[in-house]
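Next come two complexes built around chain A: one with chain B, the other with chain C.
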Partner chain A sequence: MHNQTVVNRLPRNVIVWLAIGILALVASSMLPAGFFSWLWDRLNVFATVFLGIFVEAVPYLLLGTFASGLVEVFVDRDQMSRWVSRRPAAAAISGAFMGMIFPVCECGVVPLTRRLFKKGLPLSAGISFLLAAPVLNPIVVLSTASAFGWGEMLFWRFAVSLVIAVVVGLVFSVQKEAGEVLRPVLAGEEHDHVHAEPGDSIPEKIRKALLITVDEFFDMGRYLILGSMLAAGLQTFISQSSLLAIGSGPVLSVLIMLLLAILLSICSTVDSFVALGFVGTFSFGSVLSFLVFGPMVDIKSVMMYLQVFKRRAVMYIVAIPFMMSLLAGLVFNYFVK
Partner chain B sequence: MTSPKKKNKKQTTVANGWVARIDALSFDTVAISILAILMALVSLTILLGEGAGVKVGVSLPEDGTVGPFENITFTFSEPFDPEITSDLISFDPVHEGYLEWVDTYTMRFVPIQPFEKDMTYKLTVSAGEVTINGREVKKAQTWDFTAREPSVAYLISENNQSSIWSVDLNGNAPKRLTDETVKVISFHVAPNGRFIIFTSVNEKGGIDLWRVSREGNDAAILLDCGFDRCTTPVIAPNNKLIAYSREAAGPTPDLPFGSPRIWIVNLESGADGPVYEDQQILGYAPSWSPDSNKLASFDGLADFINLIDFQTGEQFLFPTSTGAPVTWSPDSTKFLYTTFEQTEGGGRTQVKLADLSINETITFIGEKDAYDYSYYSIAWSPREDRAVLSMRASREQLTQVLWVFDPTLLDGIVIAGDPEYTYNSPQWDPWGSALLFQQFKLRGQYKPEIGLWQEGSNQSTVLIEGIMPQWLP
Partner chain C sequence: MPQRMFRSFQGLLLLGLFVFFVSKVVNGQLTWYINSRFVPLTIIGILFLAILAQTVFSEIRRSRQHALEHPEHHHEHDHSPSAGNLWIMLIPLLIGVLIPARPLDSSAFETKGFNTSAPLISSDSSAQIFETESEERNILDWLKLFNYEEDVTQFVGQKASVVGFVYFDEALGSDQFYVSRFVVSCCSADGFAIAIPVRWDASVGLEQDSWVVVKGTIESTALDGNRVPMIAAESVEAVDVPDQPYLFP
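After this line comes the complex of A and B, so read on.
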């Protein structure tokens, strides 16, 4: 009776935590020797990889959100409709080349595309911009050239990326109702807190652009952190060397490089130097598919796509470039190189 | 008859019909159809690709001529097994060499003997398996090639300028390979004859290494040595490594350069560093063994030849004070070098033979000479049974003659011995059948000439005026 009274006096959550603690102690005593030092090592690796991905991507996200802020205050819907063709093919091609004006990598391109959609950019142009801009921009041209020279790899990286971006853009042009693929915030159901007014002075516009930058940076930054954590987690527990070891043969090597592209989540501005390390071990086609697909789709960019597009659209944005990169890699492996 | 206007209208209607049909399709239908098409294309590509088998590319020039020691590179479209694959590669006529694995997709044939002149070789990659999981080359491929006639590279130095030139043995006009913007100090031709490494003074007063192709006019800095002096480059027979002598700049410009040390730069990886960790080991006049595994250099402070074997890591010392480069036997097991010894009769130069296979060094020539023959330059030919030595012909004669001899019999002939001239720096061609050398007339105007001796002839000829001749294979 006395014991029953004591138990009754203890709050329920304390009992639960005590039980968890006891269970944890029992479980830890059953774990093999060296488990905690292994776990500690893994956590260190996780932290290092996470910081590597995140710190590399943050400046580009900031650049992209700043560009987004500038677009919001300096570009209006009329200008957008004058600049970009409404015809699907022309819109998709012009969208793919917009990266030459907005040099952003895959982290920065998402908020900028979201903003351009709000400004009335056609779906086909926005999608091809989203996929092509991380590759078809001056910074990536220079970094690819410095890693591989002004030769075939540079040419085919841009040519294949352009084709994929335009094809996916054209597929999305079939969708006439943007609200069917874009999340509500872009379909006009939610609004920003900051707006540019026609009479705003330049300093006022810049102030508003910076406010939008901050808002959007923290908004997208959450998903960048989540994506970076996922990528770091996968890299920590899936050994890169074991992936590379099974990556021989014309088909498997491309598949492995596509998986690595998703897993590594490297920014397109520096991925050429990583890819250079695979030359000699992997075929031209495999390295090319890595360089084409990586900037379009990786874990952190998918997390950010999910904030702009509905799931079904994200699935197509991932699947079509994946299949096209695979096809390009296979064609090069079997018939070209 | 239909009017053009009506025809256009009809086409537009057809086009609009297609657009309308596509418009009528739902987004999901189009996207899934595209994915299905892509999947079908991927399957078709795999099917056709698997049927085509593994492809092989070979690094032979379009004109089908190669250097006598040209490495031939095979590139496979898929990772291959070197052991299985080597059985598929053959030369007709059979040629001595070995296959070297480069990376997952690449292998190269390194000839041990030079490809014969005036001979057409047929290289065949037979059909067969190249991987352990059964991937195969479906169809045999053949390529024909011949070894090109070597030219001669040399230096012309005049009006405070010096440039590398090349000339063939057929009497055609010489060709300038480096322009007047770079002043060449010394150079070395790659054994495959594809490029030349040369040295030139930079703006800081240091000496850089440069590279120019055998065709010339594309000289570019290979190694910026800054304030240091990088000199006497020697390219290894594998054409990948360059040994050179490096003198570090003094702490201030008015202080002298440091002592020379041997460094190696790797042309493939770009890695550059000293050969010996021990800073006390000095070196110049590097000399590679024909298998590229050993490197000899002269330490002028310790009066030793240092030899390092890169395969075993072993180091050897051979006392000498002459400082002349060593010359290797074709099988890389022996080398000859000159020394200066005090004997009962006085100071004598001698030729020593170091046999690395039995760890023995013997006095090869000059042990009991009545007077000093001043043995100077020595070169072992790619043929085991032939070498050349520059020496005084008699006690009275101070000029150097060239003596071609058989190292086993020590029997030979003087191939250049005009008493009006002195001869040195002999260089064998890749087949050991012709010699290039430097000759100077002792009287009259200074006029350095390049001499040529060819097998079967008792007389040498003057090829052209110039200095530092080297074969350009």
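After this line comes the complex of A and C, so read on.
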């Protein structure tokens, strides 16, 4: 009887596919000439942009997941609670400056933060680390300085990022129940495939750290890939040049820059060189908001956030920096420059 | 999926990524995707991928040995990891293999647009560009100079020799075309195109997106109200795609 249903189903499938094929042929003959070469061109741009983001991000993701593996095997929960203050304000501020020790950008920071949470890092410290580390680290200081010089842009970029990171960290310190914010993987319900034991020898620890790196690389990598595909897809079909063309006026220009920060999904280590290209046409405030908001939120980082935090929490992590970056941009546009 | 099969799948994917990256380094296409200054970082990443693949394969050997020595513990891993999402890692490999690699060209202008001016970054002094022989300057250098200097008449009449791809724009006359390059700070995602108009009588014989070296003298012209350089070409010759198709600011 089972066999019979398979036999019955087969021709129906063939008919459906034939119908789809014929429809596709008819539809393609009605398309304007040159449509397929246009589509092929778009596909090529998509492939080049997607692989660009991916190739660029892989070393950083490896760095972040390896850091996470090392934290898993070398840091225990007691040490963590000795290092980091439980007072919300102190925790948020120290979290924001932790990026100076862990030079990771937005791809690497997510797995590392997730691991630190597992080790008992307070929520407020972890959130401000997550948001600040991609900017407040030595590599980004140097790249921003080499693009803009040791001047106002550098200072304000770091000051505003620091304030936003600490504020969001404090907002989360109100939530005492980590399980309300973090996805269950972190609350200890689900386990890793690899377990660190306190008595492991150093080579054994390294072996385990590397296996954790592999697991996390695949775990986070798939969201990096989906995020990069989305970003590349948007870049292939949404015209940045017309976006930039409508972006004048003190409010609209900031909004456009924020939108572009999400759309471009570029690594914080080099975004200042890209931002420099907007200096001529965009005001100080809007470029600043691009530099502050871009490292905190873009398509691929939001995809990765969703693996660590519950949806509601991600909404806050995206919305508060968005509004504060917008506010910072507007303040500069109206009152300073 | 049993633990060992899951690990094998992981190992193969890591190996696949390793081969993909190595092939891009070997055929010189890595700079079609990223700024050349990140190449060393990518190489470190490649070595690390190899270490990870090795770790996974030796883990598989270990667990096989373990199963042989302790058959009674065969079901040690009752939580079977799901491989459901590992396959996503295949996407970049498939895209890399199935879609022939091509650096950004004028087909990206549709969404990315192009510029006829370029900003000076604070770490390069214009003095440096002044000192380079005029024929050594690339498209980016010329645009920076014209953007930075108030008085551009000093450049008029200088010899220029630039490499780029051909782009025909409806706004230009039939004896003109743009010679363009993409400027990439980080990766192809942030690439933006820059272009210098070229006057060349035989323009119609050129092909869109073909790579050329343009030799001639610099003129100054107005485009949309901006002062931009223009090259009055004496020769336009076809060249191969340069090793580094993009310019790096």
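A few remarks follow.
Rule of thumb we're sticking to: the second predicted complex is superposed on the first by the 327 of 337 C-alpha atoms of A that agree within 3 Å, B and C clash if a C-alpha of one lies under 4 Å from a C-alpha of the other, contacts with A are read in each partner's own complex, and residues count from 1 in each chain.
We adopt the following convention: a contact is a pair of C-beta atoms (placed from the backbone, for glycine too) under 8 Å apart; a residue touches a chain by one contact, two chains touch by 3 or more.
The model shown is predicted, which means the values in this text are computed figures rather than measured ones.
When both complexes are superposed on chain A, chain B and chain C occupy overlapping space and clash. After overlaying the two complexes on the shared chain, residue contacts for A:Arg312 are found with chain B alone; chain C is out of touch. When the shared chain is aligned, no partner comes close enough to touch A:Phe129: not chain B, not chain C. Using the contact criterion defined above for the overlaid structures, shared-chain residue A:Ala231 touches chain C, although it does not reach chain B.
In the overlay built on the shared chain, the residue A:Gly277 is in contact with chain C alone; chain B does not reach it.
Residue contacts after overlaying the shared chain place A:Ile320 against chain B, while chain C stays out of touching range. When the two complexes are overlaid on their common chain A, residue A:Glu180 makes contact with chain B while staying clear of chain C.
Chain A is touched at more residues by one of its partners, and among chain B and chain C that partner is C. Note: residues 280 of chain A belong to the chain B contact set and to the chain C contact set alike, using the contact criterion stated above. Touching chain B in their complex are the following residues of chain A: 167, 171-172, 174-176, 180-181, 248-251, 253, 280-283, 312, 316, 319-320, 323-324, 326-327, 330-331, 333-335, 337.
Looking at the complex, you find that chain B touches chain A at residues 22-23, 25-28, 30-31, 34-35, 38-39, 41-42, 45-46, 48-49, 52, 77-79, 102-106, 133, 135. Across the complex, chain C meets chain A through its residues 3, 10, 13-14, 17, 21, 24, 30, 32-35, 38, 41-42, 44-45, 48-49, 51-52, 55-56, 59, 77, 79, 81, 85-86, 88-89, 91-92, 95-96, 99-104, 107-108, 110-115, 117-119, 121-123, 147, 185-192, 249.
On the chain A side of its complex with chain C, the touching residues are 41-45, 47-56, 58-59, 62, 66, 146-149, 191, 193, 207, 210-211, 213-214, 217-219, 221-222, 225-226, 229, 231-232, 235-242, 244, 264-267, 269-271, 273-274, 276-277, 279-280.
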